[in-house]
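A, B, C and D label the chains in the order they appear, each numbered from 1.
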Amino acid sequence: MDTEVVAGWLSSEDLDSARERLPIVYVEAVPVRVDERGAVSEVGLLLRVRPDGSISHSLVSGRVWYGELVRDALMRHLEKDLGPRALPRLPASIAPVTVAEYFPSPEVTGLVDPRQHAVALVYVVPVTGECEPTQSALELRWFTPAEALSDAMAADMAGGQHRLVRAALVHCGHVQ
Amino acid sequence: MDTEVVAGWLSSEDLDSARERLPIVYVEAVPVRVDERGAVSEVGLLLRVRPDGSISHSLVSGRVWYGELVRDALMRHLEKDLGPRALPRLPASIAPVTVAEYFPSPEVTGLVDPRQHAVALVYVVPVTGECEPTQSALELRWFTPAEALSDAMAADMAGGQHRLVRAALVHCGHVQ
Amino acid sequence: MDTEVVAGWLSSEDLDSARERLPIVYVEAVPVRVDERGAVSEVGLLLRVRPDGSISHSLVSGRVWYGELVRDALMRHLEKDLGPRALPRLPASIAPVTVAEYFPSPEVTGLVDPRQHAVALVYVVPVTGECEPTQSALELRWFTPAEALSDAMAADMAGGQHRLVRAALVHCGHVQ
Amino acid sequence: MDTEVVAGWLSSEDLDSARERLPIVYVEAVPVRVDERGAVSEVGLLLRVRPDGSISHSLVSGRVWYGELVRDALMRHLEKDLGPRALPRLPASIAPVTVAEYFPSPEVTGLVDPRQHAVALVYVVPVTGECEPTQSALELRWFTPAEALSDAMAADMAGGQHRLVRAALVHCGHVQ
């Protein structure tokens, strides 16, 4: 079975309809640089310009297609968001660091996606190559763990995603 | 936000339509008995009669509804499959033991669901009360880890689910 | 083999000598109360009076004896610190939430133990019974996750242990 | 603080003495080859000749020194056992896949170390370079997951270590 099946593509209309009725499966990656001993030295966040001109930081994130393996979806979104030469190293286990549950309303979990109820599998992904964001992002910027954990960064991330950055860093031994 | 929302219910037709186009979010639980030190002593499997009269064993399993938290979906399916007095103890972390990817075709992962592409979050759930399967299952039967890991049991589980039993037991320190 | 062997006891002198030459194996538990769905609602911390009269908060913690299983060491220290009616529920998997590395010097990891280099396996342990600290602790006090994550609490914990509380809570889905 | 401290070295006599009275902290690594998507494609095992001339397979394994970080101990033993050009990629999190408890007697856990009670933190470590065992091992040989999970392999591994290979592979999604 080809996991890159055409059925992965829905019309916008069909996707809108499904989003009103079913949780949507997502994958999210926190890109990191690691030192030669594997310890996290930097966290990569995508920069996007908001309508008001301010800068927003976000994770690598996207939907799992029909017929697609979680591992393939992760690779596809990493390549889409970081470019073809990022050389991401997915973990050997597909068990996620955490599960992020997004809802249109902020009251449920604090993670917000106005479009849908999404269940996202979250991974920490060391990246060893050169990153060239190819889509809507301006660039990928690298931060120290302390910067990524700061309250200033939390204010610059939408939808509660700073929580996932913090969860990922704590998982890797960085705790404020 | 009420997580038991009516929107969780799709018409059969709508669900069939979505199943042809999107991966569906599932939760699965391996019910276990633990001793006073928390070590797994028995594994619970649901017994169902197949059309040919043979017995099949299966896990607690079911869909996550629109608007429903993963933790609530797990509780709902545990109660549905084990009855209201099973007293399941969900883990404190919602990170699953593993992610099970089911496809209509057996070639992709070896986990098969003829109806759909499902992405299932798999948990080990200690159960302390009395189990009374309330739906299509005949009963819940308890097995020692050695029995649950046996080739005979593998032959009695459909869709490759014996792999999840093995993964769960290995996770809990039981390895053949 | 009896895991409660006499060899578990070292003379003070022998233990002092070993502590200068080998990392010592520890277990640490973050006691929690969970709601009926398994989510963490409170964190338990032991209160001790410092020589200067101030109050210090700490985790359940102690050494693994020679010949003793990690699971048995955890049960022994939980009973010692929380009393015989605490009814702790150890996780089904013995893989720890994190590994805490304590050194006499604060520069290495930020976790400090003036007596030794200790490698501690850290667990989150739901407790369902009544807690009556039986040793040097004044009492066990329960805190909301927000209180346990606060900077005030960090200031009240010695040796960097507030990091383990934060790691445990993040692991359970509580992130500031 | 230099983690490669001289104090890491004990005289043979002192180490023998400590081994009779304290559990010893170990790290163990299951070396793997991964494909470009991070999935495990091969497992590496060290080959040693037994006194009777038969071949034994084993993991990368060794003691954590006094003053040494777990991550540094892992790197040291990987380099010692696989050579300086193996290019191991340690996981970003120091939480182990499992904890292996070795005892002189086979009755306790099935993991046997005649010399001591050892508590080993077990990791899966992707290796990307060239492996040249530099010490007592004859060579590192690569096996498919199916070969590594086979009963034949179990018979060729001493001390119950095949269980750790199985646990590691199951963790990475390979289940028989």
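The working rule: a contact is a pair of C-beta atoms (placed from the backbone, for glycine too) under 8 Å apart; a residue touches a chain by one contact, two chains touch by 3 or more.
Please read these numbers as outputs of a predicted model, since none were measured by experiment.
Colleague: Fit chain A to chain B on CA atoms, both being copies of the same sequence, and give the resulting rotation angle in degrees, nearest 5.
Modeller: Copies differ by a rotation of 180 degrees.
Colleague: Weigh A-D against C-D on C-beta contact pairs and write down the one with more.
Modeller: Top pair by contacting C-beta pairs is C-D.
Colleague: How many angstrom between the C-alpha centroids of chain D and chain C?
Modeller: Each chain's C-alpha centroid was found; their separation is 28 Å.
Colleague: How many Å are there between the centre of chain A and the centre of chain D, using C-alpha atoms for each centre?
Modeller: 33
Colleague: Would you mind listing the residues of chain D that make contact with two or more other chains?
Modeller: Within chain D, residues 93-95, 97-98, 171, 173 contact more than one other chain.
Colleague: Mind listing the chain B positions that touch chain A in their complex?
Modeller: 1, 3, 7, 10, 14, 18, 20-25, 64-70, 93-99, 101, 103, 105, 107-109, 117, 119, 121
Colleague: Flag every residue of chain A that touches chain D in the complex, lowest number first.
Modeller: Interface residues on the chain A side: 32, 34, 37-40, 71-72, 75, 89-95, 97, 124, 126, 171-173.
Colleague: Spell out the part of chain C that touches chain A in their complex, as residue ranges.
Modeller: Within the complex, chain C touches chain A at residues 98, 163, 166-167, 170-171, 173, 175-176.
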